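Presented sequentially are two complexes of subunit A, the first with subunit B as partner and the second with subunit C.
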Partner chain A sequence: MTPNAHSWSRAILPPLLLFVVVLVVWEVAITALRVPKFILPSPLAVAQAAWKYGPELRTGLAFTSGAAITGFLASFVIGTLIAIAFSQSSLIRSSCYPYAIFLQTVPIMAIAPLIILWFGTGFHSVVLVAFIISLFPIITNVTSGLLAVDPDLIDLFRLNNASRWQVLWKLRLPNSVPAMCIGAKTSSGLAVVGSIVGEFFAGYSEKWYGLGYLIPAWKEGLKQDRLFAAILASTLLGLAIFTLVNVISASVLSRWYHVPNDES
Partner chain B sequence: MAFGDAPPSITNVSLRVQAGEFVSLIGPSGCGKSTLLRLIAGLLETTSGSLRVSQLTPAAARKDAVRTAFVFQDPTLLPWRSVVENIRLPLELLRVPPDRHADLISRSLHLIGLRDEDCGKRPRNLSGGMRMRVSLARALVTDPQLLLLDEPFAALDDMLRQQLNEELVRIWSERGWTGLFVTHNVAEAVFLSQRIVIMSSRPGTIAADVRVPFPYPRTTELRGTAEFARLTADVSRQLREAAT
Partner chain C sequence: MTVRNWLIAVMVMMSCLPGCEPASTNPNNPSGNVLKDKPPAAQLTPIEIQLNWKPEAEHGGYYAALVHGYFAEEGLDVKLTPGGPGTPLMESVATNRIPFGVDNADKLLRARAEDAEVVAVFAPIQDSPRCILVHEESGIKQLSDLQTTPGVTLAWNDSQPFAKFLSKKFDLSQLQMTKYSGVGPFLLDKKYAMQAYNISEPFLAKQEGAKPVTLLLSDAGFNTYTSLLLTNPKVISGQPELVRSVLRASLKGWRRYLTDAGETNRHIAGLNPEMPEDVLAFGVTELQALCRPNDLPEDQIGRMEAERWQTLVRQLEEIQLIDANAVQAESAFTTEFLSQ
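Coming up: the complex of A and B.
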């Protein structure tokens, strides 16, 4: 086994094993204690519901992931641009930062209905909710990355008569890449939560829906096996997007500090 | 010349350095040696008195007339750039035409004795000594007329420090820039410089100005001579007096 495959198996095998153990204990406990299905369905019942309602879950997954990824990408680009503006002027930073914190503290469940009211139902409103909830970690992390530059490096650039643009492009932005990756990891998970919350209040159209529509619909009907299947699908979606961003971050960071294939 | 609000960090400093001269600044910690170097580089401004580099204010000289380079105590390399890309940085910032880059970088690499196989490496894959060599190569790539060195070898082991001192003396003899070297190490100052300026404790002022009579090229044998030991002891004594 190569060292890489070895570290992967060490990262994946233990949680997978724990997952299987939890499922087995859950299944046995439900059967032994005769827990009613509407209180807590067994893993087998959830699996059967997931299989039976596969088409609905797939549609939900497709729309929720589309909204989450779009919201996340928008927050990454716009959050980075806002952070750049913050890094260029302490006046802009001190004037606007309290409002950026507002994004973090505002209860999204409270403003999501307002967003739907103002902008109507549909994909764009769900994306907007995902965008709002995932914007703050990008702003705060990228701003710190842009500002946390070694003062000697700033002096080095000044000594070589660097322009403000050169300092930003050749020093501050590259310096902020590790912080950008941390922000992206936090933000990607939040974008999934945001898109599901957005879907609680808004469908995409009469025909199309996301997981955030299925969850309350199935909860109302006490269809707990389907509800659990939808919750599981949401969790897996969050995990998949987080893992994807993590893999991209790790690859970017390793290229940042080490030349690929540099054995030394 | 003075710098700093009450109490100032340096005061009553009067110093003249000739073009092409190599001068070391030594003094107790916190006496303002590095501050003086930053003032000369135009990174700070004097609070009273005047400071001129080639008849201009340091900032104006650096911008228009005198190619100035600074070597920091830490190598201050950009970790996302390779060795060659780090050395190229000042050329990019000063907008030197790209067709001249290869030539200037190659000359700088040759001066510092970096091997071709190290050129593509990132700083994280280099030893401390190698990083400092790259930092020196970056400072020399613009062919500076004024080179300011702020304890560049302080973090290196003694053997590596001596080796780099010898190389620095050789490069200075070849290129002829004006050198101002801040150090805590008396033997290093004696080995490298034509003059040693000793500063007193804070607020720093000039306590003594010692001429070093040894001819160049200076090699490692100089360190074993009685004259070298005598002068090092004498400067150390004056430094102790300045510190009290």
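Coming up: the complex of A and C.
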């Protein structure tokens, strides 16, 4: 095996095997302990439900992932702009940063219904909830990345009569890229959570509904097999978005970290 | 002294402690303290009843039984546990984690379709308070008018059985549908229609100056027994006297609530800030017709008919909320504990 294939199989096989073992134990436990299906469904029942309700799950997945990605991109762009503003003025930073912290601590289950009430039901409100919940990690990470620059480098720039804009564009922003990646990883997961929570309250139209609409509806009917399938879909969505952000971060950072090597 | 010796000394002292208390075999009063009067609660059997929502008028009779001591008269120390969205009521009663619950007939049948063995023993609210609330100004006089009136927004939780029933019975495709979010949006738009219980929302709307019209689901043919007392086969066969006691007290409670609800409503309002006493009092006046339709005699409050259950099973099958033949109507309820 090539080194790459070998390291991939070392990464993938153990968790995969564990997954299979857990599935087998789960299935056996359900049968042996005669657990009723409305308490815990068997893996087979979940798989069957995922197949039977594939169309609904796909629609839900499409809507939720659309809202999550839109919310995340919005929080990334706007969060970076806010962080830039924070880095340029200590007055803005000291007066506004506490409110950014508020975004982190406000319980989303309380905020989501208010947002739906003020902005109406529909896609835009779900995106707004996802945006609000995923904004803070971007602001906090990018701000610290923009500010934590080696003072000697700033002096170097000043000595060469660099303008404020040049310092920002050529020094601070590149310096903040690793922090931006860290913030993006956290935000991406939160955006998925935010979309689903938003959908609990936001409702639907006949054709469009998210996973957060299916989950309470199936829960109410005690349809645990479908419910588990929907929860699984939500988890996979979070995982997919996280992996995507990770891959993009890794390629950006590997390009970034190559620069010192090329110079030597 | 050394740590080891100290530990031994502590253990020896602790082993002497049980001997200090007079032994008692009464599990309700383990300390066996006979010197002070035993409070009545120490002799009562603790029983939990899980409600399907926060305390409201629809639970009034059960709270009346609590407040006026009818449960205590039966030797029961009842705890009425409020519910909310996502409360696993059916699961808890089916697994006997909680012996009794209060919920509605459609929810019960859906649970039974998933093999949850929950059985209804008492149906205090015979006719469902479920309705669609519209404004008088909209000109809508009955549910079928929703099909023909333009510009109507309908706010409801569309996954509910009554919603699926209406969607199937009437062509509601041209209605703008949205999620139920309380009376607020209703007051702003005269063409707004929303799901409601006729025992609360109409009063709230009138208080704000609106002229609401209630369109009852039962008039459209979808009539679920409401606030049923539920239990499971284990309790029914293993503790029939307990079921009889709870039912007797509940019946007395509902009879009291319908005629004299003041103290009970004060208690409920104290538990649930969203339900002030005036709304609850309005609820009681509406409950008269719902609990005792066609002048049902007081002692027959709670009765159940096989035909009602069979109809509901058929309706739920038609709207595909339960699979065909998944539920036998006869096993969903029992009248053996009702006095008639």
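FYI, the second predicted complex is superposed on the first by the 257 of 264 C-alpha atoms of A that agree within 3 Å, B and C clash if a C-alpha of one lies under 4 Å from a C-alpha of the other, contacts with A are read in each partner's own complex, and residues count from 1 in each chain.
The criterion applied here is as follows: a contact is a pair of C-beta atoms (placed from the backbone, for glycine too) under 8 Å apart; a residue touches a chain by one contact, two chains touch by 3 or more.
Computed from a predicted structure; not experimentally measured.
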Would you check which partner chain A:91 touches, where first means subunit B only, second means subunit C only, and both and neither mean what they say? neither
Output check: A:33 vs subunit B and subunit C. Expected answer is one of first, second, both, neither. What do you get? neither
Can A:216 be said to touch subunit B (first), subunit C (second), both, or neither? second
Which holds for A:159: it touches subunit B only (first), subunit C only (second), both, or neither? first
Of the partners subunit B and subunit C, which touch A:150 in the superposed model: first, second, both, neither? first
Subunit B/subunit C common contact set on subunit A: none
Partner subunit A, residues of subunit B touching it in the complex: 38, 41-43, 62-63, 68-70, 72, 74, 76, 78-80, 82, 89-90, 92-94, 120-122, 124-125, 142
Sort out for me which residues of subunit C touch subunit A in the complex. 85-86, 90-91, 94-95, 110-111, 114-116, 158-159, 177-179, 181, 184, 321
Can you list the subunit A residues touching subunit B in their complex? 150, 152-153, 155-162, 166, 170-171, 174, 177, 256-259, 262, 264
Contact set on subunit A toward subunit C in their complex: 36-39, 113, 116-117, 120-121, 201-206, 216-217, 219-224
